[in-house]
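Letters A, B, C, D, E, F, G and H name the chains as they come in the text, with residue numbers starting at 1 for each one.
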Amino acid sequence: MRDFYGVTLKTPLMLGTAQYPSPAIMGEAFKASGAGIATVSLRREAGGERAGQAFWELIASLGTLVLPNTAGCYTVKEAITTAHMAREVFDTNWIKLEVIGDADTLQPDVYGLVEAARILTEEGFEVFPYTTEDLIVCERLVSAGCRVLMPWGSPIGSGLGLNNEYGLKTLRARFPEIPLVVDAGIGAPSHAAKAMELGFDAVLLNTAVAKAGDPVAMACAFAQAVEAGAAAHTADLMEPRDMATPSTPVLGKAFLE
Amino acid sequence: MKIRLNGEATEIAAVTLAAALDELGYGEAKIATAVNEDFVPVSQRESTALADGDRVEVVAPMQGG
Amino acid sequence: MRDFYGVTLKTPLMLGTAQYPSPAIMGEAFKASGAGIATVSLRREAGGERAGQAFWELIASLGTLVLPNTAGCYTVKEAITTAHMAREVFDTNWIKLEVIGDADTLQPDVYGLVEAARILTEEGFEVFPYTTEDLIVCERLVSAGCRVLMPWGSPIGSGLGLNNEYGLKTLRARFPEIPLVVDAGIGAPSHAAKAMELGFDAVLLNTAVAKAGDPVAMACAFAQAVEAGAAAHTADLMEPRDMATPSTPVLGKAFLE
Amino acid sequence: MKIRLNGEATEIAAVTLAAALDELGYGEAKIATAVNEDFVPVSQRESTALADGDRVEVVAPMQGG
Amino acid sequence: MRDFYGVTLKTPLMLGTAQYPSPAIMGEAFKASGAGIATVSLRREAGGERAGQAFWELIASLGTLVLPNTAGCYTVKEAITTAHMAREVFDTNWIKLEVIGDADTLQPDVYGLVEAARILTEEGFEVFPYTTEDLIVCERLVSAGCRVLMPWGSPIGSGLGLNNEYGLKTLRARFPEIPLVVDAGIGAPSHAAKAMELGFDAVLLNTAVAKAGDPVAMACAFAQAVEAGAAAHTADLMEPRDMATPSTPVLGKAFLE
Amino acid sequence: MRDFYGVTLKTPLMLGTAQYPSPAIMGEAFKASGAGIATVSLRREAGGERAGQAFWELIASLGTLVLPNTAGCYTVKEAITTAHMAREVFDTNWIKLEVIGDADTLQPDVYGLVEAARILTEEGFEVFPYTTEDLIVCERLVSAGCRVLMPWGSPIGSGLGLNNEYGLKTLRARFPEIPLVVDAGIGAPSHAAKAMELGFDAVLLNTAVAKAGDPVAMACAFAQAVEAGAAAHTADLMEPRDMATPSTPVLGKAFLE
Amino acid sequence: MKIRLNGEATEIAAVTLAAALDELGYGEAKIATAVNEDFVPVSQRESTALADGDRVEVVAPMQGG
Amino acid sequence: MKIRLNGEATEIAAVTLAAALDELGYGEAKIATAVNEDFVPVSQRESTALADGDRVEVVAPMQGG
């Protein structure tokens, strides 16, 4: 099994911490789903506010690994400074690198992304780049030192699933050694299962769980779906056939007409 | 002197980042800091002098996707 | 939860018993997946052969409910006689009614199907009709007394998944009270999860499990996938959006450029 | 007499279905039967006389999808 | 080329006459598109009203063949009586047979359809049955004497296109001699082109043209699309490949780095 | 209508000149389809060979605009030198800029592409960049001076059609002023029609025509399909509906049962 | 007598379908007719007597899909 | 001297690109040239001296997609 910078995941599920109805529900979603990695972020805090403190204690209580992101950064400079602040606050070399190129689609700026990935790698970070499914971009990221790739399925928060299955398949075929995570756009467990059936190593979710009618139950549903997809990939799926064949051997059928 | 703290004009007496954080009530809060868009690690807060007009950012953990 | 002729399923997974590498592996697939219903059939047996006896003991040991089928029957007469023989041998009123209309696609003959369903219902059978997703056909089956509907996803053994999602959605919307099972054509856990996300009550599989590289692991994968899909349907899936929205609140973002 | 057992021409001495099944070695096997395409339940095997040329089907449980 | 009861179509486009902004625009749509067949219907008329007369003169001026339908008929009896009235009024043996099974989806009742098709054929009609893509149903229709089949692409007026491409492909493969028309559900020229690429003989449209912003231009667009699809089918389409190959021979490439 | 560096296309069809069974068939394909732009390339020639001369005369006889490409270039340097040689030989400032990133998928290297586009624009070229559907990459290309964008549909020669419709739609929405061309991957007229229905300005094809059973007929089929799609986009397509609605007004239906 | 014409109660003096159509103003209109749900061809309108309560349908060409 | 012409070792007497192209039989062919990976326009072929080992590329129009 492919490892994430030396860490083997307990489960192929990574879960975001934003947009839940309440911190308690968020905590439940993690406990119930067994998600092994929680993505977190940073924001400005006023003196005496201590909101970050409270959130931090909640996260610490989850017993998951923490993956800080650089959400909302539009430049290499912002992303790098944010990464440094995150490393100090969260005490980890892991960084989910987001260099956003567009405020509507929130898609990666693949130019800033590769540059930031190279710099951060040189500075000792272990980079989880949020990228498109572009093979060439992914090769650049690997050359820059990334040992994990996190292509989007579709735009963040869209829930559209896997917009370019062909592109994701190509990545799996071309990076047999690199852990691949579908990050963003997954809206239903069937999408997550499909990603794992393609041979991906994990799925990173947030909106589909946090905005579900019942986030805790939905988190569990996704946990099962990713394990189902992973198991199916290992167990070797049947090839679809254009010709139908009987499930019941016709040999020895009684003659009754 | 006058600095910009998280984008807000703020008057402080302190002359180092560390002192400013105390003065502003951050105390033991779990925070990270940047001055004029450069990260300043905890270890350098004492030795980081602030000047009039400096842009100081103080961030803390929050939810993220 | 909808019941199947008074029976509440332990799990939404129904599993066929054909085409496994060995009876032992078949048994393992059932035990490991917890499938609550096993489909079975009948075939000619010679005196002294006792093959049926051995198979029967294996099935009995699984502790599942047994759903005999009329596989390979092309006429109403054959199907009815087969159903009577099955009722006696397997000691159950349940019958998975197949009236096949074509030897290649093995698809239902919706004319013979409705007639046979009516007759068998009158004779006290509880009919599980293998049908197409045709709304009108399904209304006829319900009028004929069927209290379960089993539309195909795609041709038996094709593994193509859900060829007509729109048709399946229509059935769910139009038969809120009737248990619906996708029977035939499912090739991967993501297909099964999708069917459950549409609000179906169960999935019936055989080839995708029996012909997998590792049938036991694949059976478990499907068991997880159907539960994931069922849970997701209950937990209320997010609506896909054509506009991307951030997972991380932009409010309070540090200004670092 | 000559019957067709599961499609095969077969010579039997028995004159009832029940007797025929014994003669043919089915004994206690878990089977169901039909004669000339009509189901014959266990309860009627004794009383079901066979005639020359009858088509007898004997089936047992098997794998199915 | 397959003929429709002895008639060879000028173009593979059949056009409905309902829902246009005005009779004039409808007339233009026919003239501009060159559609060779116009579907028409019957409705109650009061004494002295003469609305039917006016419509009839417009249709007659189009110089197309006329295909009356039995739209809105839910029973065999209604459909047959309507067919007889249509034959007298429109003076043609052709009838687009609709036996509707559901008021929402307006889908065919495949039971009434086959019975009505048999009766009408015996009474000398040449039946164009509006059917589903069900292979068995289509075999029954052919046995009943139909020499044209008109499976739906998706529900009437939905514009969803071809909901079950696999089913349509199967029909083409199984009825090499019978003219096949996709009737209902087509929403865009790309849908119509696809149907023809599958080897269908014609497409019947109404809503997608009549409800377009510019019905006349849209009718022409569909006319081109069906001819494009038909030509492509004849000209033998390339097989899609999972591996990319260069369009430009690499042989003899200059070495410039 | 959007113009291509001041040129208004006669038709939305651009056609490649490679892989035809013969030069004569290629010529016929152009004449018959009316394609207004022919893509061409360069290759090494030996003294006295004059193959290029013959090909050039054939192209000149077509009376189309000529769009030279930089096919097979993997570096900025190669692409730029090739562009200069092409400008001299073909006597045009137009260049279809290909900077290939991978020998298997032949997909663009979006890093080299943007750099080469900037340099060539500064040197007075009018660049037609072969790119991915990445919005950010396309914004960079526009900033670099490109006034045409040519995103791929799927890998060159694959015939898979539009792998990421969502991405293409996004480009159309975000670049209302820029002519957009789907370049590469189109395999059937229905794909080409779809691209135009999305609001694209043209389609560039080669393999699907050259490798068809009858390239001349296929070229015509594509010509019709792109015009159909363009007309449909202008004429305003109906919105697909999830609820079916009747094509025939039910008002005034005769009561016959 | 009272008939139902296209679903509407209608009083007519005529006793045949042909006469009724004239009386009701259909004249030379391009129509087809049914009485009590059975088609009545033009050739039989003269000979088709109407009775009180008969259901008469008169239809004409219209738009269709 | 020895140059590489389109990747092939080639012996020429000419000392300019223009002369080399004549010597090599390109005459009036519709070609473009590069020396050591740099484009050399027609206008500069006369003035472009070749040195031993130079890499000369000569290309002509061909089919392309």
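In this section, a contact is a pair of C-beta atoms (placed from the backbone, for glycine too) under 8 Å apart; a residue touches a chain by one contact, two chains touch by 3 or more.
Since we're looking at a predicted model, the values are computed, not measured.
Common partners of chain F and chain G, by the touch rule above, are E.
Counting steps between touching chains, the shortest path from chain A to chain H takes 2.
Checking A-D, C-D or F-H against F-G, more than half of the residue-numbered contact pairs recur only at A-D.
Between chain E and chain H the centroid-to-centroid distance comes to 63 Å (mean Cα coordinates, whole Å). One finds 33 Å separating the Cα centroids of chain E and chain G. A straight line joining the Cα centres of chain D and chain H is 93 Å long. Note on chain placement: the centre of chain A and the centre of chain F lie 35 Å apart, centres being C-alpha means.
Within chain D, residues 6-7, 34, 37, 57, 59, 62-65 each touch two or more of the remaining chains. Across the assembly, chain A contributes residues 16, 18-19, 41-44, 69, 71, 77-78, 81, 85, 105, 107, 156, 160, 206-207, 246-249, 252, 254, 256-257 that each touch 2 or more other chains. Every pair of chains meeting the contact definition is listed here: A-B, A-C, A-D, A-F, B-C, C-D, C-E, E-F, E-G, E-H, F-G, F-H.
Looking at the complex, you find that chain C touches chain B at residues 246-249, 252, 254-257.
Within the complex formed with chain E, the residues of chain F that make contact are 16, 18-19, 41-45, 69, 71-75, 77-78, 81-82, 85, 104-107, 155-161, 184, 187-191, 193-194, 197, 206-208, 211-215, 217-218, 220-225, 227-229, 231-232, 234-254, 256-257. Those residues of chain E lying in contact with chain G across their complex are 16-20, 26, 39-53, 55-56, 59, 68-69, 71, 77-78, 81, 84-86, 88-90, 156, 206-207.
Against chain A, in their complex, chain B makes its touches with residues 6-7, 21, 24-27, 29-34, 37-39, 41-42, 57-65. Listing the residues of chain G that touch chain F in their complex gives 6-7, 34, 37, 55, 57, 59, 62-65.
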